[in-house]
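Given below, in the form of structure tokens, are the structures.
Look for subunit A in each of the two complexes below; its partner is subunit B in the first and subunit C in the second.
And now, the complex of A and B:
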């Protein structure tokens, strides 16, 4: 059984890093309306990360910013799925949909937690995630509606599938697999998940960029 | 209703009307492109309600709007218009007439006195 802080950090790191990756579309999304919508989703994810870090920080005797920005690469607990840099729209939608689907299962479990703070925060996040899921689902539908969209989405999902399986623990993964296979009109193989705890090469660049301003100021600087 | 016309790159134009407070009239807020109604729902929230600036939205495909912009008035029936017709000249005329009448009756009175 994981302690509360580890659980919160996994979730917070997922949300922070995915929020960061999604924000890379700001200004270059396929069209203006989507640019605003996807940037807003990215902001929401980072907002969730902040709330989760704050809760974890209380248990660990530190603060949210230190957890978000001052740890070393090896200390991050995010799933490799969110670390991948995929500035290609079909892959971005594939990841978005796979992540939101997994996240919904995880939040459901957390909402039933006996810890009222965790259950409360999960419920609060879930109210925003409902909108993210709607957004992911409508894009999935749109890509599946044309031959090219479907082909590119399938390529993206196949590539990300082992990574997506690594987001959830064994107990929740079976449900995730069932939901994904039920929804997608193509077969997905049984593969080994890419587990949490190892990192993709591109995480290093992301962390470098994400912390550049914080590192440029003296420790303890007030903003 | 099939949404097909007015598409730009597979997207349609939607017009948004916002209500700022409950009970108030909906006012036109602006427009945006979206591929279909589901996207329009999402984008309308982002553009017109995310900051708590609206309590309700009407999101309408532009092609559902009937636009009328020709109103012939061949006989120049200006009195029907909301801006009416100019009464400036007639008012001036009336004032002059009133002043003239006043002078005339004063002169008549003075003549009687004398």
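And now, the complex of A and C:
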């Protein structure tokens, strides 16, 4: 059984890194509405990360910024799915939909937690995530509506499937597999999940960019 | 203010009701429903406050404004940010909703039993704040801030911002 801080850090790292990846579409998405959407989703995810780090920091006797920015690469607990830097639209939508689907299952479980702080935070996050899920579903429909869209989505989902399976623990993964297979009109194989704790090469570059300002300023700098 | 004179909870609520939302200044923090609780203990005032959206960039601004306002009443202030499930758009007051509409933001639809759905967002249930028509369509789930969607009125051909139901 994981302690509370470990559980919160996994979730916070997922939201921070995915928020960062989503923000990479700002200004270069296929059209303006998606610049706005992915920027807004990024802002929400990073807001969730902040609240989760704050709660974890209380348990660990540190502060949220230290958890977000001062750990070494090996200490990050995010799922490799969120680390991937695949700036191709259909893959981005595939990841978005797979992540939001997994995240909904995780939030449902956390909302039922006997820890009122965790349950309250999860419920507040879920109110916002509802709109991320609608956005992901809208794009899934749109891509599935044409032959080319469907082909490209399928390629993306197949590539990301082992990664998506690594987002949730064993006890929630079965439900995730069932929901994905029910919704998608193509078969997906039984494969081994890409587990947390392993990192993709792309994460190093992201952490370097994300922490450059903090590393360049003296410790304790006031902003 | 004379030191030592006790401030009342009503006076604090009244003062906080004068603070505008930093992003939509037509509505106050109290009308927005984000002030959850005010407790006065002697010369100490404790405020519990929940942001609308967790990534709200105006969080620190609002906290500082509330603390400043309370200090002006002659009391010591502590504003705690509470991240729980106590805020929903249903907490926006009737006056607040009317002010939003007058300023061109369609107020949020009441929250039904379950979470909002894409089917609802695509339905004709949303009224244009300019002409009152419900012939409006969803343009983008997301908008200029996390709390707003963008819709388009087919009747007066005007895009408008729709407060999300949260």
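The rule is simple: the second predicted complex is superposed on the first by the 223 of 223 C-alpha atoms of A that agree within 3 Å, B and C clash if a C-alpha of one lies under 4 Å from a C-alpha of the other, contacts with A are read in each partner's own complex, and residues count from 1 in each chain.
Note that in this section a residue touches a chain if its C-beta (ideal position, glycine included) is under 8 Å from a C-beta of that chain, and two chains touch if they have at least 3 such contacts.
Since we're looking at a predicted model, the values are computed, not measured.
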item	value
Superposition on subunit A - do subunit B and subunit C clash or fit	clash
Touching partner for A:162 - first (subunit B), second (subunit C), both, neither	neither
Subunit B versus subunit C as contact partner of A:31, first or second or both or neither	first
Which of subunit B and subunit C A:50 touches, first, second, both or neither	second
Partner chain in contact with A:142 - subunit B first, subunit C second, else both or neither	first
Residue contacts with subunit A in the superposition, subunit B compared against subunit C	C
Subunit B versus subunit C as contact partner of A:40, first or second or both or neither	both
Touching partner for A:134 - first (subunit B), second (subunit C), both, neither	both
Shared subunit A surface residues [contacts with subunit B and with subunit C]	33, 36-37, 40, 131, 134-135, 138
Contacting residues of subunit C [partner subunit A, same complex]	50, 53-57, 83-88, 115-118, 121, 139-146, 150, 164, 166
Subunit C contact footprint on subunit A (complex, rising order)	33, 36-37, 39-41, 43-48, 50-51, 54-55, 116-117, 119-121, 123-128, 130-131, 134-135, 137-138
Complex contacts: residues of subunit B adjacent to subunit A	9, 11, 32-36, 38-39, 42-43, 45-47, 50
Subunit A to subunit B touching residues, read off their complex	31-34, 36-37, 40, 131, 134-135, 138, 141-142
